[in-house]
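First subunit A sits with subunit B, and in the next complex the same chain sits with subunit C.
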Partner chain A sequence: MDGSVILDNVVMRFDDFTAIEPTSLEIRSGEFFSFLGPSGCGKTTLLNIISGFLSPTDGDVRIGNASMRGVPVNHRPTAMIFQNLALFPLMSVYQNIEFGLEVRGVDRATRRRKADELLELVALGGSGGKPVSALSGGQKQRVAIARALAVEPRVLLLDEPLSALDLKLRQHMRNELKAIQRKTGITFIYITHDQGEALAMSDRVAVMSAGRIQQVADPETLYHRPQTGFVATFVGENNRLAGRVIECRDGRATLDIPGLGRLSGRSGSELSPGRPAALFVRPESLSLSDAVGSAAASMLEAHIETVSFEGAWRMLEARLIATRETVRILVGQGAGDVLQPGQTARFGYDPDNAIVLADDGAPTHDAEMGETPRASSQPAQENRHVPSA
Partner chain B sequence: MFRQLKARFGVPVAMAIVGILGVWLIAMVTLPQLQMIDYSFRPSLLPAEIGGPKDGWTLANYVTLFNNDIHLSIFFKTLWSSVFVTLLTLLVSYPLAYYLAKIATPGQAALCLLLLIVPFWINEILRTFSWFILLAFRGPLNEILLSLGLIERPIRFLNGDTGVLVGMVYAYLLFMVFPLYNAIESLDGNQIRAARDLGAGSLRTHWRIVIPHAKPGIATGCIMTFMLAAGSYAVPALLGSPGSRWFTQIIYNWFFEGGDWNQGAAYAFLLLILCIGFMALVMRLFKVGLADIAK
Partner chain C sequence: MSAQRFFDWGLRLYIGLFFVYLFLPLAIMAVATFNDSRFPTITPWNGTTLKWFAELWADGRMWAALGNSLLVAGGVLCLAVPIGVASALFLTTVESRAKPFVYGLILSPLLTPGVIIGISTLIFWREFGINGGTFLTVLGQATFISAYVMLMVMARLQRFDRTLERAALDLGATPWQAFRRVLLPFLKPAILSAAAIAFLQSFENYNTSLFVVGYDTTLTVYLASKVRTGLTPAVNALGLVLILITILIASVYELKRRHELKPKGV
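Coming up: the complex of A and B.
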C-alpha cells in the first residue's frame, strides 16, 4: 500500500492572491509529516489540495504515484480530521465510525466488528452506543480518528486537530497520535502552527511562510541547522543580530555588527563578504560571561530588564547596551539567582552554537508576526524545544 | 409575566397592560371562535325561531358533509392537493434553500433573497392574477412553448388543477424556503465536507447529513405550506376551473351565498380539524415537538 504523496509544482491562486507559491515536495509512505507555519501561511489550503476540496491552479498531486487530477474528494485514498472534528452530532459513536463503511456497502456485521476494533485502538472500547454529545473533548478526538481510520485511508490528513484541547490532554494526544501512526503505518500529514507539536511528533517537518516552503527537514536538523532566518526564528527561540559578512572560511563566518563589532558563528547558508547577514544565537546558547572562556569577540553587554522563573531555568530579557536591541537568555538556577532586573551583565556564547544566515530581505518570523501571538508567549515548558543532544 | 411588568412599570400600568391583553384575547379571539363553534352546532333558523322549540344543539351540520358526495370529494381533494402542493413546494424549495445557505456567496444570496421577496410586496390577488395571464390559453407561456416547437397546440393550463398547483407553489414558496434556509444555514459546512471526505456522494450526503439536520425546518415549512394551501381561497378562485373547486370555496358559498352560517361554521371547523390532524401527523413523522417548530 503506497501512501506516498508527491506535490509536483503545485500553485494555488485565489483571484490575484497567490496562497501557495510553486511547491514541489515528496512525502514518503508511512511517514509522519508536518507542515508548520504561522496563521495564514497556506497550510489548510495545501491540505485541501491534497484531500481534493480544492483543485490547484497549476501542478499536480500524486498519491501512491497516481495522479489525483480530476479525482473527486470522495474517491481519493485520503481521510481528513477536521479542526473542529466535524463529528455527526445526530449519530451515535458507532454510526459515526461506520459511516464511511456504510458508504462503501460493507455489511452490518463487518461494520460493527471493524468499529469495535477501531474503538479498541483509540482506547474507547465499549463507548460505541453513546451519542456523540455525551463524549468529552478528548473522547471526541478519538472518535474522529477512528472514523477517519475506518475507511482505511492511505494518507490521513490532520488539520490542527489538537488545538481545541487543553494543555495536558494535548500533550497526551500527541503521544497517542504518534503511537497510532506507528501501529497503522499510514502516512500522516499533520498541520499545525505549534512548533512544539510539530517537532515532538514528526519524522519530517516542512516549515512554511507566506505560501512558500522554507525548509524540509527532520526536527533536529531544523532546530540546529536552519537554512533561513524565518526557520531560525520560528522553530524554537532565537536572538537575531543583523550585520554584514566580513569573512567566510572553514564553515565559519564573521560578521560586522553595528555597535557590537565582529561576531562569528557557523555559516548556515551561502554567504559572501560584504553581503547582509544575521547571526542567530539561541537563548540557551547565551550564558554569563565567566561561564564561557574569554573570547572577547563573542561578548555582549546587556542591561537586564526582566527575569522570569521557569522551574529549573530562568528566562532573562535584556537590552544590549550598544544597540538597544532586546535579547533573551536562558540561564540555569545558580546563575539566575544572583541576577536581578536593573543589573548590567556580560554574556558570551560559543561560536559553534551560533549560526550565520544570509539576510535576503525575506521576513523573519518576528518581523512577520504582527498581531498574532508569538510562540514564546505560550507556556514555556510546553513550547520550548531543547533537544537533549 | 405580571410580576415582571409590575417590577418594570408599577402596579397600575402592569394591570392595564395585562387587562388590555386579556380583553383582546378574550373578546377578539376566543369569543368569536366560541361563537362560531356554537353556530356550527345549531340549526339554521329564521330569526323568529331562534330560542324557539326548533333551537338546540345538533350534529346535523357536521353530518351534512358526509351525506354530500360532492362536498366530501372536494374535501378529500383539497386534502390530497394540499399535500401535493406541500411536497411540490418542498421539492422546489430544498435545492433553492441549500443553494442560498451553503453554496451562494453572501452577495449572491442577498440578491436571490431580494428577488424572491420583491414579488411579495404586491398584493396576493394581483400576483395570482399575473399567473392567470401567464398561463392563459393564448398567454405568453403557450406562445413560448409553441415558438420553441415543444408543443403543437396551446395547452389549457387553467382547465384543471395545473394552474392551481403552480399558483400555490408560487404563492407559498417563501413559507417553505425560509424555514429550510434557516435550518440548513445552521449546519456546519465541515459536516458536509466530512461526509464527502468519507466517500459519500452528494445524494447520500443530503440524505444522511443535511436533511436530518434540517428536519425541524422541513416540518415547519410543510406545516405552514399545508395550512396555507388548504385554507387558500384566492388561488383556486382565480386559477381554478369549476372542476377544481377548493373546500374553502364551499365554505364561502355557505356563508355568503347560501346564507347558512351554521353550516359554513361546521365546514370551517372540519377544515381546521384536518389541518390540526396534518400538523400532528407531520410532527409525529419527523419526531419534532412544538418547541422545535416555534424556533
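Coming up: the complex of A and C.
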C-alpha cells in the first residue's frame, strides 16, 4: 500500500493573496511528517489541499502516485483528524467509528468487529456504547483516531489535534500517536505550531513561513543545522547577532558585528565576504566565561536583567553592554546560584556550537512576531527567541 | 434581609397576578359552558347543564369548519416546512450575492398585514381562474408561516459546527449522506418545533383566511361569523374541548421528553 504524498508545484492563491508559494515536496510512504510553522504560514491550507477540501490554484497532489486532480474529498485515500476532533455529538462511540464504514455499505457485523479492534488499538476497549459526551478529552482524542483509522486511509492528516489537551496529556498522546503510527505503518502528516510536538514525533519536519517551505529535514538536522534565519529562531531558541561577513574558510565564518567586533561560527549557508549575515548561538551554548576557559571561545560582556528558575536550569536574560541587545542564556543550577540580576558577567561560546547564516532580508521568526515580552515565564518547551534590536 | 423578603413576596404577588390575568378568562369561559343560559355568561347562574356539549356535537357546520382547519394546517405544514428549511439552509450554507434578497423576500410576508396577504392572494389567483377555498387558504397562510419556520431553523443552524459536515465528507460520505446522517439529526428538534408552531399559526389564523376561504370555512372564520348571528355557550364547550386537548398533548410531549432524557444503555 503506497502512502506516499507528492506535492508537485502546488500553488494556492486567494484573490490577490498567495497562501502557498510554488511548493514541491515528497512525503514518503509510512513516514511521520510534520509541517511546522506559526499560524498563518499556510500549513493548514496545505493540509486542506492534500485532503481535498481545497483545490490548488496550480500544481498537483499525488497520493500513492495517483493524481488527485478532480478527486473529491470523499473519494481520497486520506482521513483527517480535526483540530476540534469533530466527533458526531449525537452518535455513540461505536456509531462514530463505524460511520465511515457504514456510508461505504459495510455490513453491521464487520463494522462492529472492526470498531472493536480499533477501540483495542487506542486502548478504549469496551467503551463503544458510550455517548461521545461521556468521554474525557483524551478519550475523545482516541475515538477521533479510531474513527479516522476505520476507513483504512493510506494517509492520516492531523490538524493540531493535541492543542486542546493539557500539558501532561499532550505529552502522553505524543508517544501514543507515534506508537500507533509505527503499528499501523500509515503515513502521518501532522500540522502544528508547537515545535516540541514536531521534533518529538516526526521522522521529518517541513518548517514553513509565509506560504513557503523554509527547510525539510529530520529534527536533529533542523535543530543543529538550520538553513535560514527563520528556522534558526523558530525551531528551538536562538540568540541572533547581526553583522557583516569578513571571511569564510574551512567551514568557519567570521563576522564583524557592530560593537562586538569579530565573532565566528560554523558557516551554515552560502556566504561571501561583505554580505550581511547573522550569528546564531543557542542559550545552552552560551556559558559563564570561567566555564569555557579556552582561547577559542568568544566572549560577550552582559548585564544580567532577570534570572528565572526553571527546575534543573535557570534562564538568564542579559543585555549586551556593547549593543544593548538582549540575549538569553541557559545555565545549570551550580552557576545559576551565584548569579543575580544587576550583576555584570562575561559569557562565552564555542564557535563550533554557533552557526552563521546569510541575512538575505527574509523574515526571521522574531521579525514576524514583533515585540515579545522580555521576562517571560513560558513553559520550557515553548518556542523562545530574542527580540532583534 | 427584610428587603430580600419584600422582594420575594413582591415576586410571588406579581406571578400570582400574572396567572390570574392569564387564566381567569379561561376559567370563566370554562365554567360558563355549564350554565343553563342562552348567552355565554356565569351571572346569573341558571342551573348546571351539559346540553351545550350536545348542541356542539350537533353543529355539523362547526365540525366541517374544524375539519377544514385541520386540512389547511396539514397543507401549510407540507408547504411551509420544506420552504422554511430550504431557505434557512440556503441562507446559512451557500455563498451567494442573492442572500440579502432571498432573506428579505422570505421575511417580507411577516411584515405585511395578514389582511393584505389575504386580499392579494385572492386577487392574484383570480387571474388564473382560481377562487377562494382550501387551496388558496393554504397558499396564503404558507407565505408568512414559511418565514417563521426559516427563522427557527436558522437559529439552530447557526450553532451547527460545520467541521462535522467536513468530517463526514472526509470519512467518505456523499454530500447527501452527510446531510441526512449529520446535519438533519442536529436540526430535527428545531424542525419539529417549527412544525408545531406552523400548525398552531395556521389553526388560529383569521385575518388572512377570512379573504381566501371561499366556501371552505375554517374554524376561526366560522366562530367569528357566529358572533354576528349570536353566540351560545356551545362555543364555550368547543373552547373547553380544545383546551383539554392542548393540555393532553403538552402532557404527552413532556412525559416523552423526560423519558428520552433518561440515560440509555446500548
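By definition in this document, the second predicted complex is superposed on the first by the 367 of 389 C-alpha atoms of A that agree within 3 Å, B and C clash if a C-alpha of one lies under 4 Å from a C-alpha of the other, contacts with A are read in each partner's own complex, and residues count from 1 in each chain.
Convention: contacts are C-beta pairs under 8 Å (C-beta built on N, C-alpha and C of every residue); 3 or more make two chains touch, one makes a residue touch a chain.
Computed from a predicted structure; not experimentally measured.
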*Put the two structures on top of each other at subunit A: do subunit B and subunit C fit, or clash?*
clash
*Determine, under the contact definition given at the top, whether A:193 touches first (subunit B), second (subunit C), both, or neither.*
neither
*Partner chain(s) touched by A:92 [first = subunit B, second = subunit C, both, neither]*: second
*Between subunit B (first) and subunit C (second), which, if any, makes contact with A:151: first, second, both or neither?*
both
*For A:53, is the partner it touches subunit B (first), subunit C (second), both, or none of the two (neither)?*
both
*Which superposed partner A:142 touches (first subunit B, second subunit C, both, neither)*: neither
*asked:* So in the superposed three-chain picture, is A:79 touching just subunit B, just subunit C, both, or none of them (first/second/both/neither)?
replied: both
*Do any residues of subunit A touch both subunit B and subunit C, and if so, which are they?*
51, 53, 72-75, 78-80, 82, 84, 86-88, 90, 99-100, 103-104, 147-148, 151
*Can you check the complex and tell me which residues of subunit C touch subunit A?*
161, 163-164, 166-174, 177, 181-182, 185-186, 265-266
*asked:* For the complex, give me every residue of subunit A touching subunit B.
replied: 51, 53, 72-75, 78-80, 82-84, 86-88, 90, 99-100, 103-104, 147-148, 151
*asked:* For a test of understanding, state which residues of subunit B touch subunit A in their complex under the given definition.
replied: 188, 190-191, 193-201, 204, 208-209, 212-213
*Can you list the residues on subunit A that touch subunit C in the complex?*
51, 53, 72-75, 78-80, 82, 84, 86-90, 92, 94, 99-100, 103-104, 128-129, 147-148, 150-151
